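Letters A, B, C, D and E mark the chains in the order given here, with residues in each chain numbered from 1 onward.
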């Protein structure tokens, strides 16, 4: 699919003030498994950037590389640099990074099973120093965003439903009042309405609070609707990037990621099997 | 040497399901067996055989036993020493009842006795999980140990209160007691260990092993797939204790030659647990590596100063040795939490893609 | 695998499973309240609803992981107060899980093989030798498993430990494991979560194939309405543990209650 | 036989109430002392999900440092201060060298690492202070000595002052720690870490800081424990054997519960003393060695997560 | 197990199994120092024994049977003339090996009591007393206190013991004697894990109020027992222990004054030989012990052990006329060991200990020993040597020895010839 595409070059990224710059990073797991083969991307201040790609493309890995959660999985960045707010951060601990205002919402809902929903949210405010009042206020805000959480606030997170946990994870991240959130598959396991809501929330935060977002998302459709810019990852390389609407118009993207929306979209029943290409086996 | 499976195609599932699918590995194993069965007995001196190889083998077997329980089924146990004890005492009783029957028979039989005991103490495992299960095994450890002290019947009322290993022969060769040469004891031990290892590896690679690992990785899912938790866990306990029991019997009959109850104290359980973890949970080869490392390392460290002609008092050496062993344990864990076995695999991995880094 | 029709003597269209006025609550939380519906043999039955509506719980009730305080479950004609996991499994109910529940330490192959444990009953004795009957059994089942692997196109990851696989592939392996049990009733909990369009299309195809090649009945939980509407024959809609609608996709799609509760503005 | 088993003990209790009271008191005291050790475990388990095998040796090591320094001529309270300092250094070192590189590893691996620590500490301790047992400097530290003999119930009950002190100190510590865990922000963070290292990292909880704090606290607890046990017998490496007694206590109380430690301690302590004293003779005594585990096991069968432990979540 | 490079040099190779580490190091260290220093002294003062240097080689066992066996295998190759395992656990497995490897075992007042029977255990020596003799002596003493053994009738005697081989061995004899003298016996076992946690045992003591307490304790068990006894204010002068407690176990324990134990050798350094140790070893900085420990109970115990080794070697040289003797010779030497007053004087140990004469049949001596009492600061000898009870012990001993031989079919008949005592 990389055919007929402008080769990726970093200058294509908006030269506006960047909050996050990833320069040509290479990631290795267990000292042997090379997963990212030189990924570069930039996120402008106050931008929403989408990171698209098939399973195993390396989206999660990229996000973890940025938030320094890799070494917890015996992975390491062997090449390249990561800059946040103009400073190199690829040697910092995740906790420093959060203090500086960059937090990640991990793929697949990692709530603290033994803590209640409310306690989960409170841990999100761990790095904050601006007093309980402020924290309370934000918690209310989050409850307003996710009414479902308010209902279940007292119950042990481990027992809440998949979606509830997902909301909890996102809310928890917001509690740290970050400058930038790395969202990994926010829509996963959420009811369509809630998905819309979450992206609305993303937009609101982005516009009201000026929070920047880098979101790894499978639901390309909606991702590109809300994002300003997008990168497409395949087996550890950026194969295409461009402004969101540009990508939305791109034929390949249409074919492989968006599908034809609206009434005349092809039913899942008539999936042609020839279209299957086992990219993840590459 | 090039370590590649390139050009080795599997034409049948049987071939693909072989335990060592890669030719180089098979050769490796052959070489190891050759060394173990021929080179070592021929060239190894007495001390090496009786104070290094024999203990290492005994502990390897125990480690395999514990590994089946902890590594494959995910049930932590601190009762290893006690189950070894059961094996030892059972074997002693049996052979003193029926001196005529070949000792090897009783060594294996004693394994079954301890399997039974093991299964019994495994019963709580259905309800109790994780570190909490440790208490069940600890109860086993201390209760059984108490029995060893308290029931003189177990040692035929010897005034010494200890097992006194009688002399037994195999094909006319003395294999237990003071007159047994280290070589003889070593070879017998080695054969038993080799055979049991083979059985173990068959088990863990087959249906049973998969059931165990399923329970380890996600017991609920396993249950919903129709794997019966209790039976699977009990089987694990039984098999594990069987191995420990045999190891215990071998330990007393082919190594110590006499054993007080103090031999089977909790520290020994810990020792075996080290070996399993350092070697690699859920890896048979790891069990050997772990046993070798944990048992030989101190010996080497103790000999080192003398060998280098350093005038260090034996006590000081002992202290230093503790420190170093402790430090090394940590270093190894950091280097590869999944144990020596994994370290070994990663090494092979690198060898495969050599000369490229990834 | 099995030919359509099948041992249980039921033919397509008969009621395979019926839950009758089932209620389940945890302390205060009412996860399910008085829900009744049935699943007919050979159909694809979707269960949808907002988060926390009780969908997963319903599956857990069906295969006996949760025990309802009230109500009855009829499966293959036998009516029970509650299912037991082992019974469910041995009676041909298998499932996949919302938060992938694979055996992380094991390879893809072993995971799927593990799915056949119920079907392997060779003696322990021969297991010790890994020869004779044991080996024969092993190989015969390995064949079956390879069929599934080919079917799901995961040959290349046969020997990889599943823990290291990306999420999407894990879901696929999990489906494989469920299929390995040759189920009569297959419960899928959000099989397409975290997949992109193309992968969803693949997954849909697998589901359809399973359904019409092997005549396996399928209960499907999914939040992607597109998929649900296209694949399922009938849909149950839950909200706050209650059933608010039940019917064909078109009926459900046009049902105002459902639109308010779940679909929101149709797209 | 049955009589001896079911009737006689109660008769005895009736006949010599003073002994019964004394037994209960002894049980209470050793219960408290067990609880102190268990407390050390609980702290670290709560805060990192690590089952810290080294707690036992930490007890010995800290006490040894105290006594050893004093032997080298350091005044008692200075030595005490130094011992505390040493425990702090130890905590930081452990965090840097052991825990940090092993973040997010399976519990059993960290469990194993604490074995490594144990070995190192044993070696160090014997190397520096020698392996011979030492007398606890109880008087120098102005710990009370002697006993209060109460003439009651037609006999006498003697309460060792040192034991009373132990009980009081333990009570205070436990109260403080319980508060710390339940109410404070750090406390919440601790529980989060225990739940999932990865997630905790992702919300910016600094594991390093947390772990250093906790290990230091555990070190202090160890020191206190060491002083108390040392005063009862002597400071020697065989003390670490006692640490094993903390296991049933721990498990009974629930790994994660501070109050659990104390309650568990009391149940075990009293249970085993009564058992040994009244029922032990029937089987030739010495049953204390396993009775504790038996008791714990019995309780677990009804509450698999221990009395106060966090519920084991079974959800799919 | 360090293999001393020393072995290479010429001389009589004497390995010393010691445990300066581990839970029992407390007793192990002084013993090790005592053994080592005496032999070193001989080397320094008279250039060894009979002009042949003694090659010392310490091997650390940590009181652990595993390591002990390892030590044995390590030294075996170097033709040791005698081994002293210093742990019953290590002794037992070595006993059968001794006759095979031709290395005599000296387990001084520990190990297998039955091995006192030289005709059945030609290679094992356990002078000067067995644990049974120890009990005999203690009971005689108690008898004296009461004014005659027959006065023990109706009395109550408590026995608190280490719940392992060594503590349990005396029980049969104890029960026997209880029958014979009509006192009743109370048993208080202390599990190895609970050595420092004896409150319930002593509660029972408080309940049963025995007239006397006998203790076979070990390591941390001793100090704890003494403390607990003081706690329930049990009369210390009625509390008698076997020979293992050392000063460290009791010093600084208030209420310990009056505690008693049996012993068979002097304490302190006012013996020429010990003076020489100070002069030739300690002062030259060749000793590991710090000065004030020299002469303490367990230190001198070590000295006594080495005294036997040295004598064994000397006798061997005398009998064989060889200078460089081997294990077999030393076995004979030990069998002809004869420490009479004259010899002791000659060795500069007059009054240090009673006489000891071993023979082919009698590898133990079953010597009298005295009782000493703690006066709050030091041990004070309070009785003359008291005879054990051979008449009571002998049958048990023989039975045990026979039993051992029978239980081990093919146990070698004594083939070693018996030298005429020279």
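Definition applied: contacts are C-beta pairs under 8 Å (C-beta built on N, C-alpha and C of every residue); 3 or more make two chains touch, one makes a residue touch a chain.
None of the values given here were measured: they were computed from a predicted structure.
Using the contact threshold fixed earlier, the set of chains in contact with both chain D and chain E is B. Farthest from chain A in terms of Cα centroid separation is E.
Comparing the chain pairs B-E and A-B, the larger number of C-beta pairs in contact belongs to B-E.
In this assembly, E is the chain whose CA centroid lies farthest from the centroid of chain C. Computed from the mean C-alpha positions, the centre of chain C lies at a distance of 48 Å from the centre of chain D. If you average the CA atoms of chain C and of chain E, the two centres end up 74 Å from each other. With centres defined as mean CA coordinates, chain D is found 45 Å away from chain A. In this assembly, the C-alpha centroid of chain B lies 32 Å from the C-alpha centroid of chain D. Residue positions of chain A touching 2 or more other chains, listed in rising order: 33, 159. Shown for chain D are the residues in touch with two or more other chains, namely 126, 131, 244, 284, 286, 289, 316.
Taken residue by residue, chain E touches two or more other chains at 20-21, 163, 191-193, whereas all remaining positions touch fewer. Contacts from chain B toward chain C in the complex involve residues 13-14, 17, 19, 199, 202-203, 205-208, 210-211, 213-214, 216-218, 220-228, 282. Here chain E touches chain D in the complex through residues 20-26, 28-29, 163, 187-197, 199-201, 203-204, 206-207, 219-220, 223-224, 227, 231-233, 248-249, 251-252, 254, going by the rule given at the top. Across the complex, chain A is touched by residues 103-104, 185, 188-189, 191-192, 194-208, 310-311, 313, 315 of chain D. By the touch criterion given at the top, residues 70, 76, 124, 127-132, 134-136, 138-139, 142-143, 145-146, 149-150, 220-221, 224, 266, 270, 273-274, 277-278, 281, 315-316, 318-330, 333-334, 337 of chain B touch chain D in their complex. In the complex of the two chains, the chain C residues touching chain A come out as 26, 29, 49-53, 56, 98-100, 153, 155-157, 164-169, 190, 193-202, 204-205, 208, 223-227, 230-231, 262-264, 267.
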